[in-house]
Amino acid sequence: MEATRTFPLNAWYAAAWKHEVGRRAILARTVCNRRIALWRKSDGGVAAVQDACWHRLLPLSMGRIEDDQIVCRYHGLAFDAGGRCTRMPSQDGISPSACVRAYPALERHRFIWVWPGDPARADPALVPDMHWNDDPAWEGDGETLFARCDYRLVIDNLMDLTHETFVHASSIGHSAIAETPASTTHDERTVTVTRWMMDIDPPPFWRAQLGKPGKVDRWQIIRFEAPCTIVLDVGVAPAGSGAARGERSQGVNGRVLNTITPESDTSCMYFWSLLRSYRLRDQSLTTQLREANARIFEEDRAVIEAQQRSIEALPELRLHSLKIDAGSVWARRIIERMVEQELVKPGATSGPGSSR
Amino acid sequence: MEATRTFPLNAWYAAAWKHEVGRRAILARTVCNRRIALWRKSDGGVAAVQDACWHRLLPLSMGRIEDDQIVCRYHGLAFDAGGRCTRMPSQDGISPSACVRAYPALERHRFIWVWPGDPARADPALVPDMHWNDDPAWEGDGETLFARCDYRLVIDNLMDLTHETFVHASSIGHSAIAETPASTTHDERTVTVTRWMMDIDPPPFWRAQLGKPGKVDRWQIIRFEAPCTIVLDVGVAPAGSGAARGERSQGVNGRVLNTITPESDTSCMYFWSLLRSYRLRDQSLTTQLREANARIFEEDRAVIEAQQRSIEALPELRLHSLKIDAGSVWARRIIERMVEQELVKPGATSGPGSSR
Amino acid sequence: MEATRTFPLNAWYAAAWKHEVGRRAILARTVCNRRIALWRKSDGGVAAVQDACWHRLLPLSMGRIEDDQIVCRYHGLAFDAGGRCTRMPSQDGISPSACVRAYPALERHRFIWVWPGDPARADPALVPDMHWNDDPAWEGDGETLFARCDYRLVIDNLMDLTHETFVHASSIGHSAIAETPASTTHDERTVTVTRWMMDIDPPPFWRAQLGKPGKVDRWQIIRFEAPCTIVLDVGVAPAGSGAARGERSQGVNGRVLNTITPESDTSCMYFWSLLRSYRLRDQSLTTQLREANARIFEEDRAVIEAQQRSIEALPELRLHSLKIDAGSVWARRIIERMVEQELVKPGATSGPGSSR
């Protein structure tokens, strides 16, 4: 049944923005094929349980929250944040086997994270680093894009920015990107792709952000953290001002934070935000950047969803990789190794239901 | 091919309201995966045949009725109510093998019933008892709800009315129902669930129907008749007036008639009507009750269709049963036994087509 | 994987009207399950390649044409009309294996034809004869109907015109058609069904076209050319004026040209046009006839799409054939033999992808 999988289960996955999970409304999300109901407890903590009542499988997210417990809309069974049934109307006592699977969940970096795999391994230290979302030295905002494609197609897209030249020709596309080679390094859990474009004419967007005339040194440093988080360190500085040596104070610097959560093998939630360390407290700029970026990501969506449909329609063909795909080749290898390790140890691949 | 089935074939199933089958328009319905074309003959009888022409399989329901025969829209072949081909334009004579399957059909209790199984066993005495629909001592009306779910989820819903407390909290829900235990009895073909709520405050609906102040004795007597008909005997009488002993003349009494016809394993036609034995000839009340009930059944539909989707999405999970499910547990067992008996005797499970 | 098929691959199939393929816009079409991108080169020739980039399978039809080459929207790879990759941005050189399948394509009789099978066998002499579309002695116009059905259901429909009596009762239907027998002849590649209705009252349409009173001799000569082209030679002449002996000068004559290209086993593109050899240069009549015919073909579409749905829903039933189906029986046999011959010789059935 799970001979192969496109994603590891033992990982923290973003399931929602923190503001999406409140104390009254229940949020239904699908993470790694697990349907999950999310709500916030009165202590501020987040609860996440299987979104199907033990009794007759009605989605619990159709119910309501009462005393930190989720109450089924059909027959009133209640479950606590641990998934234990705490009320069975019209029944003498409660069946001890009555429970729903609970998922480790926590809030960090403005996101709600859940761990669909083995709860014993859910170490909070493993949450991917997206601290810029919360850092007062940085400012910005983001959105969620629900894409009908394999989450790895989003990773491919972000690990190779030469596509900007062709997909985003009318906005951020810039022939310098495709013309400048990038270098790729990796370790057990991360891949880094670095491209410095030295002494070039800046594209219109970056010229406006910098607010200075003349040539620039431009950088794109892409860091993948397994299995599905990518932070882009991007910016420009006046040519020769030393940015490539670490002296960025003359330039402007942004971070594009991306984490892509598989819903299934063919759909995903793509959470992104755009942070900057200049012109803080300028909400108009924040809004403008978020909206401009959302338009750019819609161009990507058109491409990757068409790619997904084409892959499904042409099972006899396979993807090929070029030099520009070095980053995604390494990212996919790390993901594959994580999945293989889980499939070797059956304990790690237990299914979504406690009552299997 | 039919290793398992969720419904027996040797049973009468409601296919339509009697007013839906006329002498000119052909009605296309699906009963137990059989596509059936229904029309009315000049003697008032109902004809029901496989809705696919013997020749090129065009649905006969796209054609027209001529001299009590159904004429295919494509090449003009005609079939009589027995499914025999009676006309083949441009052909010398008629191929003796040319026929479509005919289904036993009859009209009773305001419904058109068809028998998808072995015609030799189609005994009219087996039509479920829904006589209140035609009884001048009772008055009311109903509707059809096409639900995208296994018909047994509707049966579960009706066999346990404690769900009213939670699903219909804003209308007929009443905590007394979930608080009062019910007793369940059964025989070979029927299951009866009886609940008496003695000396209680009536819910608003029943207080209005009774038109008298004070406490009441309230009853809900649910009778399942295999495979898919459920009659609810419901009402209230002034507390202590003897209703539980059979003396109901001080109270008001209703019948909710339900028959649920499987179209397929995952969709059904739910025919219901609401009858009463008080305030007869009050069409406004009839309309008001029908519309109020339709709204309540839409609440049920939201629940059972979500339940169906959840069941399909979570094949590794199974339904559990509680004390409140005693009625539906018995109803499902009777259905299962009927199906098993048919699968043992292959003759009873012959397919839809005469030309197999 | 291809144990059976409903269509041969070694044949010319109409993929588009010639005006649909221009030098800037790329046309995406599906022929025999092959997704194909079509464009026009600067020399006027037509190029047709697999509509999926070798690199990451993005449909090439989302890209653009540059110097007669198709450029992928995702990473800028370019392919020439032969399917060879001619540009790989950011790459040192071009991988020799990088190519997409190219399909033989040509323009004739106002259509663009492609050959999905073995390119070595793509003989232009095998393009079906639809020369009337280009012949100055004939005038007319047509349309494309995208039908959700097996293309052979359209062939069945055209090979037996007795259906006009029933499907088109309100327009061109005429009881004389069903009443007059037809004769059928065939050879290796063609089937001809001939029906002469002598000394009859003409139906309203033909009376108007002829513009003369009195009885007529009417003919319908249906010629099938494998695998999917059908030319109807239709007309009327004054009764006794010798049309059946070849002297048609007193009458009016039309050709209904039809070629039906399978997209998949259950969908097709039906290209048709209506030509006449009388009242030339009358564009109003051309438009009127095209629109009238389009309405008639919509009546056919309703029937054949319903037939397709019925066939899919009733896999246990099979189509039966009558005397009126003699033409389509032969046409289907010729198609089957072509498919069988291809499946025997594996070379002819190679798949859509060069990288298989």
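As written, the chain order gives the labels A, B and C, with residue 1 at the start of each chain.
As a working rule, a contact is a pair of C-beta atoms (placed from the backbone, for glycine too) under 8 Å apart; a residue touches a chain by one contact, two chains touch by 3 or more.
Since the model is a prediction, treat every value here as computed from it, not as a measurement.
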(request) Determine how many degrees of rotation, between 0 and 180 and to the nearest 5, align the Cα atoms of subunit B with the equivalent atoms in subunit C. (result) 120
(request) List the interface residue numbers of subunit A and of subunit B, divide the shared ones by all numbers used, and answer same when the ratio is over half, different when under half. (result) different
(request) With chain centres taken as the means of their Cα atoms, state the distance from subunit A to subunit B in Å. (result) 48
(message) Give the residues of subunit B touching no fewer than two other chains, as numbers and ranges.
(response) none
(message) Taking the touch rule as given, give the residues of subunit C at its contact with subunit B in the complex, in rising order.
(response) 156, 160, 162-163, 165-167, 178-179, 181, 302-303, 306-307, 310-311, 313-314, 316-320, 322-324
(request) Using the touch rule from the top, collect the residues of subunit C that touch subunit A in their complex. (result) 35, 51-52, 54-59, 62, 71-76, 88-92, 95, 98, 351-353, 355-356
